[in-house]
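In what follows, subunit A forms one complex with subunit B and a second complex with subunit C.
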Partner chain A sequence: MEGWDTTTKSTLTQIPLLTTKAGPRDGVGWTQRLKEEYKALIAYTSMNKAKDNDWFRISAANPEGTRWTGKCWYVHNLLKYEFDLQFDIPVTYPATAPEIELPQLDGKTHKMYRGGKICLTVHFKPLWAKNCPRFGIAHALCLGLAPWLAAEIPILVDSGMIQHKDDVASSSDS
Partner chain B sequence: MDEELLELQRQLEFAQQAKSSIRLSDRNVVELVQKLQELQIIDFDLLHTVSGKEYITPERLRIEMVSEIKKLGRVSLIYLADTTGVDLYYVEKQSQVIVSDDPGLMLIYGEIISSFYWDTVAEEINERLQECSQIALAEIAAQLQVGSELVASVLESRLGTLVKGRLEGGQLYTPAYVARVNAMVRGAARAITVPTNLTALWNSLQQLLQETDGATGVAVDNSFFQSLFNGLIKEGEVFGSLRAGVHWTPTIFATAQKDTVDSFFSQNSFISYNALHKLGIIQPVQYLQSRYPEGIPLVTIFVHPSMIEMLDASVDDAIERNSWIDSLSVLPTLFGSQDASKILSLCPSVQLALKSHRAAILGESYVLSDGFIKDVFHHLEKEMQKFWIPGSSSSGLHDNNNLNKAGKIRNDSSTLSELNESGTEGGSSRSGSEKGSKKKKERSQGSARASANETDLDKQESLPTKSKKNQKKGKGALSIQVSRAKTTKEDSVGIPSEEWMLDNILSLVPEFEEQGINDPEIILKPLANHLRPMLLASWSERRKALFAENADRMKCVLDNLQKKLDESFLNMQLYEKALDLFVDDQSTSVALHRHLLRTTAASMVDMLLLNLDMHNKLKDGIEVEESQNPESVSLSPGDRINLAKDLPGSLSVKAVALAESLEGKRVETFITALGAVAEESGLLLKKLDKKLERTLLHSYRKELIWQVSTEADPVLLLPKVVSLLYLKIHNKALQAPGRATSAAVSRLKDKLDEPAYKILMDYHSATVTLLALMSAATNDDEDCTSDRILSKRELLESLMPALKGLVLGTSQSQDPN
Partner chain C sequence: MEAELKELLNDLESLKRSPPDLLNSSIDKLKMRVEHLSNLAKSSPARRSKVKDMSAEVIDSNPYSRLMALQRMGIVHNYERIREFSVAIVGIGGVGSVAAEMLTRCGVGRLLLYDYDTVELANMNRLFFRPEQVGMTKTDAAVQTLSDINPDVVLESYTLNITTVQGFETFMSSLKNKKFRPEKEGSGVDLVLSCVDNYEARMAVNQACNELNQTWMESGVSEDAVSGHIQLLIPGETACFACVPPLVVASGIDERTLKREGVCAASLPTTMGVVAGLLVQNTLKYLLQFGQVSRYLGYNALKDYFPTMEMKPNPQCSNAACVDRQKEYIIARPAREAAAKAEMVAEALLFTGGPLHADNEWSISVVDDGEPDGLDFPSSVGLPEGVVHELPSADVFRPPPAPEAVCLADDLEDLRRQLDALNAPQG
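On to the complex of A and B.
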């Protein structure tokens, strides 16, 4: 479990694990799976709120629950940078992890594939495979997006690639 | 759509909508607190923990620390800093406050220790102490991990209360143990009767303790013994004096020492330092002087003034009686010669006598009165005169003998002296004295002394093989003496040898023999050395006087000699001339030469030698009594050679040659030898001149005529007649022996007329037969030979007038009668 900081790890362990191994095409199995995903997400969110560490909003974009959208943010130098968040549940899920996209940041950083898919650490894939089907969306966010934001946003801000919305607004105003 | 799924969707929505709790970060809190402090809302000191997560007030910290101290009794500050989580700095600060507030606490080496902790420790120690009877502080200190001084200071306040024992030299002892050791020390201290080094004593006690305690016995420090001992002295349990902390002299010993010295000194009125050393008194002089201020310290002995009085009386007596005294014989045997000389110098009578030159101290211990010395001196002087006055030949012999004898004595004495005293000292002092007194003999004795020193060395090296060496040395010494005898004879006639003096002094004062013979160094040598210069002075004075006296006589002798020599030499020359007549007749010539040498020349040489000898002696300052008439003396050839050899230097050689020429056959050699001697001795030889010759011949002729006319013996008449005839005919004085007479007569044949010659021949033949008969007669009274001698004699007597007439007649106009 190397490759992540201790807070991430402790948080991860507190997220309830999933049990059903079913993909979007598995019908009832998928529904069952989806329920577990929701439970995990609820637990993760409430946990974050309790620690005053709320950093995303997410909801299913379609009734099948194969596409998810939402927002994520990061506080840097007392300024909150917010980005759109979206991803699809792959067909081979849960064997394959979902590819989280931040479309607003597409082309602004090297740590990103085309279409705004974030590059995860080399440790992510093996860990995910090892914990299939116990890891779900909540785990993917916790292990993938949260460290990515913590690592990339300060650099992007400092290099001026992204600007705070207030600054953007003020500059556009003027 | 599943109900449950929708419900979950809603729940997620709700959860996401819910207000998140607000949390402050540590940093924010710190900032807040700082803000509060800035705003003076928090107006007291606030400490923070090492972790930085907590704030704590000093009061709280103090309370926590105190509770910790109360709980443990002994807490290190580091431990406190750890438990409270506050920086050590604040803990230290607070601990100082705590300790100053509470007298029962102490802060030592970063530890806070409460008194009740010490109490418990003391109790523990006490328990152990009662078990083991003694514990080392260092052990305790190591156990408690504190300094032993601290332990000592803490325990001292609890000794006797919590800890029942005694602290001594870094060790804790129980009273019982202390009492036991104290008893040991007291026993040992009381048992000591001689001065002792206490350290040694303690060591033995320690050994004893270890033996009795077995392996468990712990080493007791020496200082423990010492302090116990000091306590015993203070309490008066043992008596004595302690020097330098370790040298213990028991009173018993000091008293015994004092008593011994007192009793010896009061009984004998002296005491030797050696004795004091044996008694253990290291500085005897100071000790004695402080005890007996009236006493007198000598070199090896301390004496009471009464001793001086006693010595003074006997010395005074000796001086009064013009005698001598060996102070050593009066003083106790322990006295050395140095002591004797020192005590003598303190005697008032000796001082007085020395000042007024009435006595002399010789050989350190001998006092000789002036009268005694003078007496000896006069004796010696007389001896010397007696000894040196006889003629030089005999004196030489005597000298040799004496030297040999003296040398023997010297050998003996020197060996003995070396036995008695350490050789180097004696040797050096002797050689020193020799140097002083024998400057004149230095040269001659140099070699002798060197070899003597060598033998001295030998002797020192090998005392056991003495006898052998002695013999060897005897030989060596003999040769030395021979050489010395020669030299003394040559260059220092009349200077008495040391040995001779020693001998004479011994014979004069036989008492010396009893004491001094063993070691002449003691008195004889010094006395001899003392007398020597005086003797030499008087001797040289006498010699000077004699010399002056002899000068006149020498002149007289020389004058006499010259006169006599002139006379006889002229005669000699006269006779020599006559020899020319017989040059052609070899045998007669030889006989004549020899005759002349035997008669005239011999007596002349004798006279010359005797006079030269006498002159020589006078020159040396030897008194020579008026010698007998030198002419009357006739010497044998041996005597002549001896005399000639006694003469000094080159004269001796020439005189010997002269004496030998007498034995030769040629008058000419004799004459040249005589000339050489005369030249050497400053005499003149008168040459014969015509005028002198004539007068001499004339007087000779007159004398001959007178002799012939008065001659009654027919035998003796013939040579005189012949001489007279020669004088008349050849005008030469002939001295012919009887054997040469016939040749002389036959020579006259052509000079005389027939009858006169015939008378002469007849008389001659008659004389020859008479002499032949007389020599043949050999004293046995045979009638016929004596008759014939008688008849011949009568015949000769009848012829005598004719013969007389023959010579006398020529002068008296040929008278037939």
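On to the complex of A and C.
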């Protein structure tokens, strides 16, 4: 965890850790894991709201809890940029981390794999592997997606690759 | 083309009967059609027809004469058996596509191809795919080329991502399907070749093969394109992919930090071709039972260094199916040793022309060469004082401690509602 800022570190310590090592094919084990995932996500979302640092919405897109969809946003120069967020729980979960996708940014940055999967290889996956099975979806968002947005969105905005929705609307009006 | 020629003849017949003033224009039209037909005849390639039996006859038109010669040379006992084998190739990229072509040219019975990607111009620095196939799925493009090269091979293609829950189920059921050779024991394939470029997919192949007790081979090329490896994985007997990821051993770097193709890893047709060649060579040796099948073979292109090694399974492997296979392997140990002994005795009987050497001046004798017993020593026999083996020996199966009972007190629906409430817009 060297190299991480103190805010992220203190946030991380407050997200409950998970205990059940079970994937989507493990039946009862997966139900238990899913409950732990929900608890961690609830704790993380409430904490963000309490600190006025709310930055994502995520919910299961199917009853099995193997596909998740939602939104995430990032504020840059007092403007809010919002993106669709989605991912599948891999069959080898939690041994392998979920591959978080921002489909709207597909092809706009090379810090991304095909289909809009953000690159987590260096900054997040070793951390996930070392903390298996204690990390869950909430941790993946906190340590995987949040730093990616913080690093990439300012570059994408400044280079003109993405525009704020108000700018897009006004330029099409004129 | 036959139909068109027939039509042309009919037109000629009607031409005979037509009035003279229309003759010229009709002749011109006919001339154009003949030209078109002759162009067609030139461009349409001759397709090879299917061959029922592999023949060793040495004539230009026999696609298998050079392969069947392996038998005459005494390398392979029965080459034609290759037509009974099914090989699954996961990942039809720089290594997988070339491996598929090699096996197709060798006349393998059935190939199962898995990939979810499409052909791109960025793939053209590697072998197999052609620029006109850009945009096709890799599986479709591969089937197109391979069925032209050798129509005898049964090709099955699956355009799916094996790391998703649904893709994995299809992957598993396709491996289990025994329609091709119903009398085969175990799963429906003889070998799975992993030619994927990422950790997640390798873990998925590992999971499937551990569950199905399916022998497989893993292959990989480093992101700097100057080294690679192949590895044989026999569930329970050798290390599985989760026991020891191979690159950690090979180069000291963590496999998980490897970047994938999309984030611009380097690649060379040479390294990929060499690794595909090593992989298929090992596959042929394994299937046709000749030579020595490598357990692990590395390739360092910068120094032309080819390290080999063996890896035992990790008794504390995090993959439950791997631990189950290890248990079965240990339990089957007495039977396996008895079989090996019987084979040795049978072999010895072949030399019953009396002892090889009448005198044995220095009392040289052959000792049993079974599995090493070194690990049987309880704790610290043979070790300096104060030093003990940390891990227990794995020769006897020890059941792991029973897991704590899972608590199912909370209601999943309730938790889901709580999160939805938090997700609802405020104000």
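One rule holds in what follows: the second predicted complex is superposed on the first by the 171 of 174 C-alpha atoms of A that agree within 3 Å, B and C clash if a C-alpha of one lies under 4 Å from a C-alpha of the other, contacts with A are read in each partner's own complex, and residues count from 1 in each chain.
In this text, a residue touches a chain if its C-beta (ideal position, glycine included) is under 8 Å from a C-beta of that chain, and two chains touch if they have at least 3 such contacts.
Remember, predicted model here, so these are calculated numbers, not experimental data.
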Superposed partners subunit B and subunit C on subunit A - clash or fit: clash
Which superposed partner A:Ala60 touches (first subunit B, second subunit C, both, neither): both
Touching partner for A:Val91 - first (subunit B), second (subunit C), both, neither: second
Which of subunit B and subunit C A:Lys80 touches, first, second, both or neither: neither
Partner chain in contact with A:Ile42 - subunit B first, subunit C second, else both or neither: both
Partner chain in contact with A:Lys165 - subunit B first, subunit C second, else both or neither: neither
Partner chain in contact with A:Lys51 - subunit B first, subunit C second, else both or neither: first
Touched partner set for A:Lys125, first subunit B, second subunit C, both or neither: second
Per-residue contact with subunit A, leading partner among subunit C and subunit B: C
Superposed model, subunit B segment overlapping subunit C, candidates 3-11, 309-317 or 417-425: 3-11
Intersection of the subunit A residues that touch subunit B with those that touch subunit C: 31, 34-35, 38-39, 41-42, 45-46, 49, 57-60
Residue numbers on subunit B that touch subunit A, as the complex places them: 1-2, 4-5, 8-9, 11-13, 15-16, 18-23
List of subunit C residues in touch with subunit A within their complex: 117, 162-165, 167-168, 199-200, 203-204, 206-207, 242, 254, 256-260, 262-264, 318-319, 406-408, 410, 412, 415-416, 418-420, 422-423
Of all residues in subunit A, those that touch subunit B in their complex: 31, 34-35, 38-39, 41-42, 45-46, 48-54, 57-60, 63, 65
Interface residues, subunit A side, partner subunit C - complex: 20-21, 24-25, 28-29, 31-32, 34-35, 38-39, 41-42, 45-46, 49, 57-60, 64, 66, 70, 88-92, 95-96, 99, 110-114, 117, 119, 121-122, 125-126, 128-129, 132
